[in-house]
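Before anything else, here is the set of structures, which you'll find just below.
Consider the two complexes below, in which subunit A is the common component and subunit B and subunit C are the respective partners.
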Partner chain A sequence: MSRATSYRLLLVAASVLLLECLCRAGVIDHLTMQPPSEMARDLVVLLASGSMNRAMLKTLTNVVIAAALAVAFGIAFAVAIHGYRAARQGLEPLFATYYAIPVYAFYPMFIILFGLGDLPQILIGFMLAVVAVIVSTLNGLDRVSRVLMKTARIYRFGSVKTALTITLLSAAPYLLTGVKLAVAYAFIGVIGAEFIMSRTGIGYEISFAYNNFDNKIMYPLILLILIVSVAVNSALSQWEQVLMRRRSKS
Partner chain B sequence: MGAGLDEKAQQIMMPRDWSSTTSGLILIAALLIGWQILFVIVGPMAMTGPLETFRNLGQLLMTDTFRGHLEETSLAFFFALAIAVLAGFAIGFLLGVHRFSSEVVEPILVAFYSIPKVTLYPMILLAFGLGLPAKIAFGAIHGVVPVAIFTLSAVRNINPILLKTARVLRLRLWKVVGSVLLPAALPEIFTGIRIGFSLTLIGTILGEMFGSQRGLGYLLMTAIGLQNIQLIMAVTLLIVLFAATVSVLLIAIDDRLHRRMS
Partner chain C sequence: MSETHVVLRDVTRVYPAGALGRDVHALGPITLHLNKGEFFAVVGPSGCGKSTLLDLIAGLAPASAGTVEFEGRRIAGEVPDGVGVVFQEDASFPWLTVADNIAFGLREAHVDASELRNRLNHALDLMGLRDFANAYPAQLSGGMRQRVCIARTLVLRPRLILLDEPFGALDQQTRLLMGDELLRLWRDTGATVLLITHALDEAAMLADRIGVMSSRPGRILEIVETRWPRDRDSQIVSEPSFGEITGRLWRLLRGESLKALGKSAGQS
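This part shows the complex of A and B:
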């Protein structure tokens, strides 16, 4: 473990400890927030009781669907337009301004259009995720070295074989960046949408617990989401770095 | 496979690159046409067409109640953005100057960037209560992270030759900061502010969707209950227009700053 990493863990631990002390000393009163240790204990109890299993499964399913759709569609779309300069130039302003537009603003419209089922949440997750996948795929395809493409031509590879054995492999770290962003954005999109208005899911459970001042459920669930999103993201980042290192070696 | 041939063929077909204005206009036209087609397909029960939505928005902007909501959102957004930019800059700058502490903190900032911050909203509400401060705080926590991350990496990755030159010239500390560090880091910092702008807008409106009785987010939420698709589409259009216009301006400034540096 590097020195920076151990200091980082120390910093996080110290902050949690500080929060614990503030809560225990009554600076932050118990109605506002219970101490982190209690949150952790409540989380274990909550998970063991199984009462959140359905909500967790629902959220997870929707996140996976949204992320998978975004990755599949995003990569296919990027591969399709990669060679066409006109299409790329036309879409450039869209990609540049896309993330400035609050996607959640469309959620009320989606609810009216599609009802209060899973579709609006998945759509929000998909919309947030897809452009990140397209942009990072295009970026990766642009960086495939010309020598590799020439080699493929010398061996007279067909376009499918070129894509499978050379282009996509060489662009793999960038594709993974796209996947990582897709997962993070799908997570943010789906849970945010659930929180705004829905009937199931972890986001809904948090807002339900909040409306009932049920801190014993709300804080553990917030903690759960923090842990899961940070864990998933750092796992994907690690993998991304491994691929990047391998790519620069070869 | 003839990647080279394809490129040549394209160059013949398109002798000049489109200017970004042209491709922007084409994109807007394409979006409007797509919207109109969608409207024809799903029908007036489910959504409003482009023309009608613009007209609805125009009428809304004439009413005093709507302007009140708009002012509330603008006020909250303004303060949130100011806090996000100032705090983000301060955090990023202080950490960026000190390499080791930046290595310690940067992954924490990145991790915070990737969590669904909506879930933190109940905590903000419990801390600030219902009303303007909660919206401002919620907008600010969305925007502060990108500003901090970009400032941090801009200050940390500054060209060492510049700093050596400053040392050779025996510049005082405030001179080094004012005439070397800041100008060199400005383009990247501005990119952070640009991203912070959009996230702060999202945060502010999200904040209004829950703990609020005023503002555009509140209007959107009540309109869902009333199934008022005209209002929803007009408000959404206003938000999208505002976000896109400002973002285009910021990107233009951003490009100019970056080009001047290189």
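This part shows the complex of A and C:
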């Protein structure tokens, strides 16, 4: 384990310990927040009871669908516009300002158009994630060396074959950055959407527990989201590091 | 009588007007014949269009006028079958191991597994990369990465090998040794080789004939014949005629290099 990783873990452990002490000492009252140890215990109880299985399955499925769609569409779109200077000049300022738009503001429109099912929640997750994938992919494609593009021509590859065999693999570390962001944004989008436009899912359950002052449900679910998103992000980061290590000059 | 392998007839390359607002006449007109199985080098001042010439022969760029033919067929907008190119820049695929890099073209050509293994093993041995078969390019030196690229080209058994300053990034000793390897490969494969280089000694050591180019727009000023035996290596640099050849090349090039330098200085 590197020294930086050790410091990072130490900082997280110290923060959790501080929170535990503040809760136990009554500085943070029990109605406001449970001590982290109780959150962990209640999470185990909650998972063992199986009462949240449907909500978890529904949320995670929608996150996976939103992230997968964003990755597939984002990469394909970036590959398609990469070579077209006019398209990029027109679109890149829009990408740069995209995250200034509060996507959630569109939720009444999505409900009118798509109802209260999963689709509007997936759509919000997709909308939040897709531009991060496009921007990361374009960034990676810009860095593919010209000599590799010439090499593709030596092998007489067409544009699709060149993308699949050379350019996307060359840009893989940047694509992975896009995937990491897509997963994070899909979590934010789907769970946020469940708060306001759903009758199921982890977001809805957190919201319901919050409205009923049920900390034994709310905090363990928040902890669950934290654990899952950090775990997914860490796994992707590990993969990213493997790719970077292979490419970094020793 | 030698069989003609590549023919360029009155070839010119003009780059259309860019930001400067005027066309750039980069090359030609050039008329040139490469014989089958010969080692031909091209030398010339910086910016004279040497790499453009290679791109035209490889089919990577279209000629603005004139024709380029390989094995009697006109090259038109596509790299012809049987042509391999090694670039000056590192073109190894960083996501593949050395073995996978070398086997890349064979897999794409759906060469059967046993033949692929044979050619791969032969290339690994020939290029001294056996111990690094499972390494990634980033773990190798610049010279070894270039050997990977040469091996990746040679396993496809091209009939015409185009080399664009392949040793440009290497030190002098490594260049001499790589030159020996290249000569050995040329003899073993029987391919026609076109080497683009700015190093006069490299051209004099490796080539049967050397085309000397003028400053931009690049034209062939003269073709110098070295008359080396086919079975040669870097030890010919100690031959008296080696000094005569490099001296002759420099006499032909000096004025052109000064012209190229003068133009650059005037523009800057």
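In the analysis below, the second predicted complex is superposed on the first by the 246 of 250 C-alpha atoms of A that agree within 3 Å, B and C clash if a C-alpha of one lies under 4 Å from a C-alpha of the other, contacts with A are read in each partner's own complex, and residues count from 1 in each chain.
Basically, a contact is a pair of C-beta atoms (placed from the backbone, for glycine too) under 8 Å apart; a residue touches a chain by one contact, two chains touch by 3 or more.
The structure displayed is predicted, hence computed values, not measured ones.
For the composite obtained by superposing both complexes on subunit A, the positions of subunit B and subunit C are free of clash and fit together.
When the two complexes are overlaid on their common chain A, residue A:L119 makes contact with neither subunit B nor subunit C. Contact with subunit B, but none with subunit C, is seen for A:A105 once the two complexes are overlaid on the shared chain.
By the touch criterion defined above, A:V147 lies against subunit C but remains apart from subunit B after alignment on the C-alpha atoms of chain A.
Look at A:L169: by the touch rule set out above, it reaches subunit C but stays clear of subunit B. In the superposition on chain A, contact of A:V64 is made with neither subunit B nor subunit C.
Contacts of A:R85 after superposition: subunit B is touched, whereas subunit C is not reached.
Of the two partner chains placed around the shared chain by superposition, subunit B is the only one that A:S159 touches, whereas subunit C remains out of contact. Applying the stated contact rule after C-alpha superposition, one finds that A:R247 touches subunit C and leaves subunit B untouched.
Of the two partners subunit B and subunit C, more residues of subunit A are touched by B.
By the touch criterion stated above, A:L19 is placed in contact with neither subunit B nor subunit C. Distance between subunit B and subunit C in the overlay is 7 Å (nearest C-alpha pair, rounded to whole angstrom).
Looking at subunit A, you'll find residues 153 touch subunit B in one structure and subunit C in the other. Subunit C makes touch with subunit A in their complex at residues 58, 60, 78-79, 83-85, 87, 89-91, 93-95, 105, 108, 136, 138-139.
Those residues of subunit A whose C-beta lies close enough to touch subunit C in the complex are 145-148, 150-151, 153-156, 165-166, 169-170, 172, 243, 246-250. Contact residues on subunit B toward subunit A in their complex (touch as defined above): 1-3, 6, 10, 14, 17-18, 20, 23-24, 26-27, 30, 42, 46-47, 100, 103-105, 107-108, 111, 114-123, 125-127, 195, 197-198, 201-202, 205-206, 209-210, 220-221, 223-224, 227, 229, 232-233, 235-236, 239-240, 243-244, 246-248, 251.
By the touch criterion given at the top, residues 3-4, 7-8, 11-12, 32-33, 83-86, 89-94, 96-97, 99-106, 108-109, 111-113, 149, 152-153, 157-159, 162, 184, 187-188, 191-192, 195-197, 203, 206-207, 209-210, 218, 221-222, 225-226, 229-230, 233-234 of subunit A touch subunit B in their complex.
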